[in-house]
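Chains here go by letter, A, B, C and D, matching the order in which they are written, and residues are numbered from 1 within each.
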């Protein structure tokens, strides 16, 4: 039910696009993808949520883990383009400040 | 649950592609599409079934009606690229002779 | 809850309308998600019969009601176990006046009348009975070994 | 069959496994097909809570069983009527030892522990009780007028 697309931009930013649902099965794999990118030297990562149909609390957990992994390496993890379900989940869990969603993937590291 | 794509080839053959399910709701619209094409002078029609996920007996009825409409106008209606469900339905209803499926849209009127 | 880990049952109660057919397709999809080992040919046979019976309920059992009448209901339960696929329908529409044992495929140029013949040909058993004011349909498909 | 034309109920009995979560998403989709007028925000609140409870059942109620144990089952029933959305779950797993009234959202850097707090925050009511060897969860979401 999920596929992860991974790209690195010319500015050295990793873009991870989960396509499908981010739940207890797929959240683990998101954690692995982030760890691999950081291990390969990419410590600024955008997670593009435009095609993530649904996210549950384990998806949130994987995003928080990814935030810590990137920050420990001197980088950061940012969310872009959340769907309405994902915005709702961020609000209900009070994580919309720490995982403040950005309107575009391109501009996610501009401020 | 359905969309019909309609094209006319350079050889003057109408190609109708039902995308989705052909059932009691959508079968009527297939009948209308065929009637419109024949009314506009296109009496050779291929129905490309490659993207038709499912067909029930009303879909079959619409194909038979289309076959009659095109033949009355001196043309013919041919099926191409049926999925396994559609092949099964054609066999179970003994219509695989009168609606003999062709392997390609391009070659559907070659023999 | 049944004991067997390899049994999946999904069911549905809803208004009997034309778009109930699409709803039932989605329900069938959830049956396959719960029982992913069912062979493609068995899925095809079962879903074809299930959708024909649903269409019959919407078309015939409610046909006389006309536009103004609402509130007609049906329920359906779909079961997959290691040996068979079973569907049971109930609805409060008009009785079915057709004898399933005499249903046959119409001629090749017929534009309708194939629904129950196709359902019956697709599966191992198709049965109907009326109990009080309720129509009951059941479909059984033995899975390939 | 209930009388009200605008009630849809779908239900499911299956093995409690990780992929039951995907199956339940499909079942929720069939609920919306049967009740297409449910507002997006109510769909989101309800589906979010339903999936969290399902994940809790798979993760906690069966956690102690280990790899070799199979046969754990659950059932769930989802209902949409004009005023509310209701889900009821039953499973034969271990009892839930958490007091829902004290569930709170963990700190922002926690990597887990948000499941039931999120479910509870999403809907109007989340309840649990144990009856004999069966766990019962229920979720109620009042629809926006």
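Definition applied: contacts are C-beta pairs under 8 Å (C-beta built on N, C-alpha and C of every residue); 3 or more make two chains touch, one makes a residue touch a chain.
Treat the numbers as computed from the prediction; the structure is a model and nothing was measured.
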item	value
Chain separated most widely from chain C, comparing mean CA positions	A
Intercentroid distance (Cα basis), chain C paired with chain A, Å	44
Distance from chain D to chain A - Cα centre to Cα centre, in angstrom	26
For chain A, residues contacting two or more additional chains	none
Residues of chain D touching at least two other chains	19, 22
Chain pairs that touch, as defined at the top of this document	A-D, B-C, C-D
Contacting residues of chain C [partner chain D, same complex]	1-15, 19-20, 22-23, 26-27, 29-30, 33-34, 36, 70-75, 90-92
Interface residues, chain A side, partner chain D - complex	1, 21, 23-25, 54, 56-58, 60-62, 64-65, 68, 84-85, 88-89, 92-95, 97-98
In the complex with chain B, residue positions of chain C that touch it	18-19, 21-22, 25, 40-41, 44-45, 47-48, 51-52, 55, 58-59, 105, 108-112, 114-115, 117-118, 121-122
